[in-house]
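One structure follows; several queries about it will come next.
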Amino acid sequence: MTTYIIRRLLYCVPIVFGVLLLTFVLFVVIGGDISIEIAGKGASQETIDEIREEYGLNEPLFLGWDSQFINHFKNALTFDFGRARDRELVIDKIKRGVGPSLALTVPMFFAVVVIAVSLSLVIAFVHGSMWDIFAVVVCIAGMSVPFLSFILFGQYFLAYKWGLFPIFFSSDLTMAQNVALPVLIGVAAGLGGNVRFYRTVMLDEMGRDYVRTAFAKGLSARRVLFKHVLKNALIPIITRMAMAIPFLFLGSLLLERFFGIPGLGYLMVEAIGARDYSVISAMTYISAIFFVVFNLITDICYSLVDPRVSLE
Amino acid sequence: MDRITNKKRDLKSMNDNGTLLSVRDLSTHFFTEEGVVKAVQDVGFSIKRGRTFALVGESGCGKTVTALSIMRLVPAPQGRIAGGEIVLEGKNLLELSERRMREVRGHKIAMIFQEHRSSLNPVHTVGSQIAEAVKLHQKRSSREAWTDAVEMLRNAGIADAAERAREYPHQFSGGMCQRVMIAMAVSCEPALLIADEPTTALDVTIQGRILDLLDELQRENGMSILLITHDLGIVAQRADDVAVMYASRIVESADSQRLFAKPLHPYTQGLWESLPRLGFSGRRLRTIPGVVPEPLRFPAGCKFHPRCPKGRSDRRCQSIEPELREVEAGRCVACWHARGYESTL
Amino acid sequence: MSERKQIIETRRPPKGRSLWKDAAGRLRRRKPAMVCLGVVIAYFLLAGSIHVGEFFDLKVGPTLWAEQVGRSYAPPSSKNVLGTDIFGQSVLRKTLYGAKISITVALCASLISIAIGVPLGAVAGYFRGFVDEVIVWLYSTLSSVPYILLILAFAVVLRDKTLFGYKVTGITAVYLAIGLTSWVGICRLVRGEIIKHKDREYVMAAVSYGCSRRRIIFRHLMPNVLHIVIIDFSLRFVAFVHAEVILSFLGLGESDRPSWGAMINDARMELSRGVWWQMAAATAAVFFFSLALNIFGDALRDSLDPKLRIQ
Amino acid sequence: MDFALKFLSILFVAALASIAGCDGSAPVEEPNEMVLHHVLYTKIAGLDPANISDIYSRIVASQIFETLYDYHFLKRPYELVPLLAKGMPQISEDRLVYTIIIKKGVYFQSDACFPGGKARELKAQDFVYSFKRIANIKTLSPSWACLDERILGLDEFRQYTKSCAGAEDVDYSRRVEGLQTPDDHTLVIKLTKPWPQFIYSALADTAFAPVAEEAVAYYGQDIISHPVGTGPFRLNVWRRGSYVELVRNPTFRVEPYPCEGESGDAEAGYLDDAGKPIPFADRVVWTVIEEYQPAWLLFLGGKVDAGVIPKDSFDEVVTAGGELTSAMKDRNIHLKTFSDPSTYWLGFNMADDILGKNKPLRRAISCAIDRERFIELFFNNRHLVAHGVIPPMMSSYNPEIEEKGHARYDPQKAEELLAEAVKVRGGKLPVLKIAMPGAGTWFRQYGQFLKRSLNAVGLEVEVQYMDRPTFQEKLRAGSVEMFASGASAAIPDAQEFLSLFYGKYRAGGPNAFNYSNPEFDRLYEKAQVLPDGPERRELYQEMELIVLEDCPAAFLNHRVAYVLRHDWYKNYKPHAFAFGLSKYRRIDLAKRAAYRELVKKIE
């Protein structure tokens, strides 16, 4: 087990290297220099030069120990992302955004998983009937509506017209009140694709031979579904969940923007608007790290759920 | 097996005491995008208590679907039992509610599947999978059910049954899995055990042991066995009665001795001749020319006629499908050229 | 093998009938899928005809979207079926025109991702070894960054840059960003499929009579994995259409001409003054297009590769 | 199964904890506590005076920091009065030496950066330090441009700081000739040449407010979030991006509410609190809300004291006659409109080959834009048409400028001019490009409006939408043809607007038009050193006419602000230049409570 984890961690090294290389090429080599914007309107050339020095933009790209290339790696590995355009430490910004983002995405994520898995179980029950077809059509329809429209209509009707929820993030309200509507919208928008996915998983499992055996034993459909199908289906479900978890930290770009939730998604939108490469680069790097770590955790989870998998 | 009958005669044998299960005019269809696949058509036979009935035929001829129809486990929504009766101990299974049917499954009729490994749930221990059925049908507590399950495994010839019951299917070899399946099937002492190709994927040495185990259990419990196989050697050794299926119909049936002694249907004859037999060394094995027709493209008339030495040139064989008729006592065949076939009308 | 699978097996094409003909036959029997195919074709034709119309400078329908047809924010009426926007432009024309932008973006992005993903996947799957490791490393790296973040990063960085003497503006940045980031999925699929196929007898046979490696990959292996590419393409197309909407919203997409994303974005201000038609029109346009694509894509997958989903 | 369940439940608990953990509710408001509630429409960047560049940071920082001089709260026209200074500055005959006496008994807010946390008295040296800090190139202060070549010896100091390794290494004790402190309460500033705007642009600007050296040393780079000033309020909570809360500074000196104002102020109730010690409020709260609609709802709900009207709700609030609707009046809401010292334009790059050499073309574009339609479509008819550069609220505004016809919409003339432009060009005009500093809905519609207007007279244009950084970069590099832009004055002097056309500020400087006219430059240099008066005013108007003649931009509109306030929000008089006004505001708590009760009932 330990050797397995160590091996997997070593395997992560080239990936992390790759991500750093990618962010370097994207933001330093192609992205270029934003010192003029930092300096502000009508700033003198000497101020711009000074800013270039402060942000290390005047160093050579590749050559030498002090090159931007080396510094990029050094800083990322020590989680020192420097300061954003507004002089706040990037890492502080990210730390600040994680909480609200999680407050939004985690309930959304769990609600979607719980509802989608239960619905897909129900659909697996009535599989082949009109209800099943109806559910599939509704799912595909739900997937086809643009996410932006979900948000706009939700915000307009539920919050603005009917006043059921706050329209915008407000410090006067509890976090639960603030995220209620975004979570609802996120769940509504995410349900279609998820139900469809889990339905396929369930039906895949339902078609397996052991299910027939279970029926042949005289078990009720309910027992077969819950005891036999669900536990097997848990493997793809957990895979999907574990793959989604690193993204939870990122929050939701659009929901946060529309509802003013000061999370990482919002931070991202702002950074895009201001071409704040240091923030985008740091977010890319950190989310990749999360992804790699959660990949590892997923593999370990497999061994817990699936007796066939052992980590040797 | 004493009677394979057509509709009219069958009514007489309704109250035959020796009959455990009788299937009449069973038709099972699959409704696919390409059209209706008639996987089982007008199949009828009956199984006597304590005896082994073999259903023989090539892959895809409808044997397994027949077995699944008896269990009422034809995969919905495409598959549907289109007609007929399946009478077990005087009750028509097709008329039972799903709830009553559940009491039949596993309890009265148990089934062993061909794919022994994938038929076991990979994420549950084998013990718990056996105990599950025991608990349900015998109304035992969990602990008692477990003890029973271990006992069953031991009876099925698994050493260290107590430990191995805690293991998962993937830790078992193929033969062992089949033993587990058998243990699970007989755990509730069913009246009928359906064994669908129980030995197909196994080594020859293990095949014999599994079949011996089935024989043994049959002797102990006095259950009937519906043996589904394509292996005529097994049929010859183990079956009391035999029905031969070809392209979703039964083409010939009789008790095994008579059938083996003198097959009437050209298909059966073909099968027999392709079987290597002791004492006939030196004779070249014959094969049946052609392939099994696709279910959606069954030929008109007798479905066997394209492959049949007689039917290929016979107009009647090409246009009218012969039905299954009793040509002598306990002996049925569906062939225009079979001796005594036309005189039965 | 269970009886059910046997049935499906027996439905598989007998030798001599091609996979494609068979799939087409199967597809044709599905009424809803054919209706959806019709819708998708209609959208494509619309987009194509707008391209043509603009090229020849024809003054018809959608190419005249900029024309003022009524007052500012006129509600839907018999004259302007979908109402007008802030400048009195016809929302209907704008919506139709939006099809061009969306489909152009999705098509270009798909072509880019296929052009990168398929050859890389094939090479990686066939040669394995070091080449494979490098390609796997490349796509593992890309896939370890959240997709939306990656697209945004590319779009932001590429926008207004001059690459190889070509200036990247507006929607070019969008489809470059989408295309350069989304080849990973198809690359992975093709690689897996090639690995599965490369030890099959027919490849062995080709090797045995001295085919070049290029010939083996492109003449023998590719046709056998092509259906995977087609299926992936049909399903990914929807995702690209939605991505364009989101990027436009974030101001990274087309801004000078009407696109569905830009229309929805404008609508957020207008909704509160009761102007719902622009929003509704753009939403409906995206909805029907992706609904049709989704259903057709599913049907296509089922008929091209029934093994992918057994029910 | 069990492991999986356990794993899920752990996640779930973590989720709940994360929600509970970041429950960012505001502190409870006590019934008798006077709390001002404001909205910030953009989040603030930082609270270090030397690094303030955006208006919202300035608003908040101005409550914390004080300057030597400040605008009189009530008097109009705008007039400066001493704040930290004791009396107006003594200015030498040659207008180069300013001697300022600093008030005694002014203390910095108590802060951990001072020894023992105890507040220290403000000294003249603090001003010198703050000026030097802005000059220090390592501070990267955007305010330096204002001081460039103005104060004796400060430029040399800036040169010296270039040689230092970091901001900490700069020796502030280095003598600067132009900044001297004969004693702790006297500040002497020597200019290099007369600078009439000095007192407005530097001495009354929050960016030049005194900062404690101790604080800078203590907090280092984090000084942006640890403001230590002398003002009536101090920072209590700052949740970046969402919430700022100031509380009353307990060590604030006694300052009285002004006793006189302009005529009508007494009737309007602005003098009810005359002579009472300020500030009145115990806390000032800003909530960052970047969308107008939710902010508007908060205002209607009585959660915010004053608010602006969202564009799309304008018809519900203001009648066609510019009056409040009865629904608003019933709620006891008051409307204030005031002219903003701002001008917006479509600029032309005079260095551009096509536009720069083609005056008829520029004029044609100017004629092609229907400014009234523009204001109707985008600003609910409430902005003013810009007939020239200088906004009407400035004293140097030329009332006859309208007759010059710069802003007259005349498509026919535009077409004639275009024909002329084609001749000047000597061939067909190429497709012209307009740069937009954004790609959001507003910019897109704005761009489309311009495009439609120019297309209508037969001019082909392409609008290029780019993010602001790219826009800045291009403007700087002079690689745009036309650009949408604007400016807002920080002082009541039109010089700022005119400086945008000064030839020396071309090529990367504030003169984005790359406009250059020797006559204009001569007049500008002449006016630069003149104090306010009829002579300078005339020069300004003369310069404006030169600009209009050369047409380096099509001036479009001047902003007019419509501000609403609740009845309970007292001493609310809009001010175009001053920001530190929270200290004057007062809340009628009983009225507010009654309104909130009422709202509860309605909803």
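Read from first to last, the chains carry the letters A, B, C and D; within each, the first residue is number 1.
Here is the rule we use: a residue touches a chain if its C-beta (ideal position, glycine included) is under 8 Å from a C-beta of that chain, and two chains touch if they have at least 3 such contacts.
The shown structure was predicted, so the numbers you read here are calculated from the model rather than taken from an experiment.
Asks: Just grab the chain with the largest centre-to-centre distance to subunit D, centres being mean Cα coordinates.
Replies: In terms of C-alpha centroids, the chain at the greatest distance from subunit D is B.
Asks: Tally the contacting C-beta pairs at the A-C interface and at the A-B interface, and name the larger one.
Replies: A-C
Asks: Of all the chains, which has the CA centre nearest the overall CA centre?
Replies: Central chain is A.
Asks: When the centre of a chain is set as the mean of its C-alpha atoms, what distance in Å lies between subunit A and subunit C?
Replies: 23
Asks: Quick one: subunit A and subunit B, Cα centre-to-centre, how many Å?
Replies: 53
Asks: Centroid of subunit A to centroid of subunit D, CA atoms only: how many Å?
Replies: 38
Asks: If you average the CA atoms of subunit B and of subunit C, how many Å lie between those two points?
Replies: Inter-chain centre distance comes to 50 Å.
Asks: So which bits of subunit D are touching at least two other chains?
Replies: 1, 293, 467, 470
Asks: Could you tell me which residues belong to subunit A and also touch two or more other chains?
Replies: Subunit A, residues with two or more chain partners: 127, 160, 207, 209, 212, 231, 272-273, 275, 305.
Asks: Enumerate the residues of subunit B that touch no fewer than two other chains.
Replies: Counting only residues that touch two or more other chains, subunit B contributes 68, 75, 113, 115, 123.
Asks: Using the touch definition up top, name the residues of subunit A that touch subunit B in the complex.
Replies: These residues of subunit A touch subunit B: 127-129, 207-210, 212-220, 227-228, 231-232, 305-308.
Asks: Which part of subunit C faces subunit B closely enough to touch in the complex?
Replies: Against subunit B, subunit C makes touches at 1-4, 6-7, 10-11, 14, 26, 29-30.
Asks: Which part of subunit B faces subunit A closely enough to touch in the complex?
Replies: Contacts found on subunit B: 68, 71, 73, 75-78, 102-107, 110-111, 113, 115, 118-124, 129, 132-133, 136-137, 168, 170, 181, 184.
Asks: Please give the residue numbers of subunit A that touch subunit C in the complex, ascending.
Replies: 14-15, 18-19, 21-23, 26-27, 30-31, 127, 140-141, 143-149, 152-153, 156, 160, 200, 203-204, 207, 209, 212, 246-247, 250, 253-254, 258, 268-269, 272-273, 275, 277, 280, 283-284, 287-288, 291-292, 295
Asks: Within their complex, state which residues of subunit C touch subunit A.
Replies: It comes out as residues 2, 4, 137-138, 140-142, 144-146, 148-150, 152-154, 156-158, 161, 238, 242, 245-246, 249-252, 260-261, 264-265, 267-268, 271-272, 279, 282-283, 286-291, 294-295, 298, 309-311.
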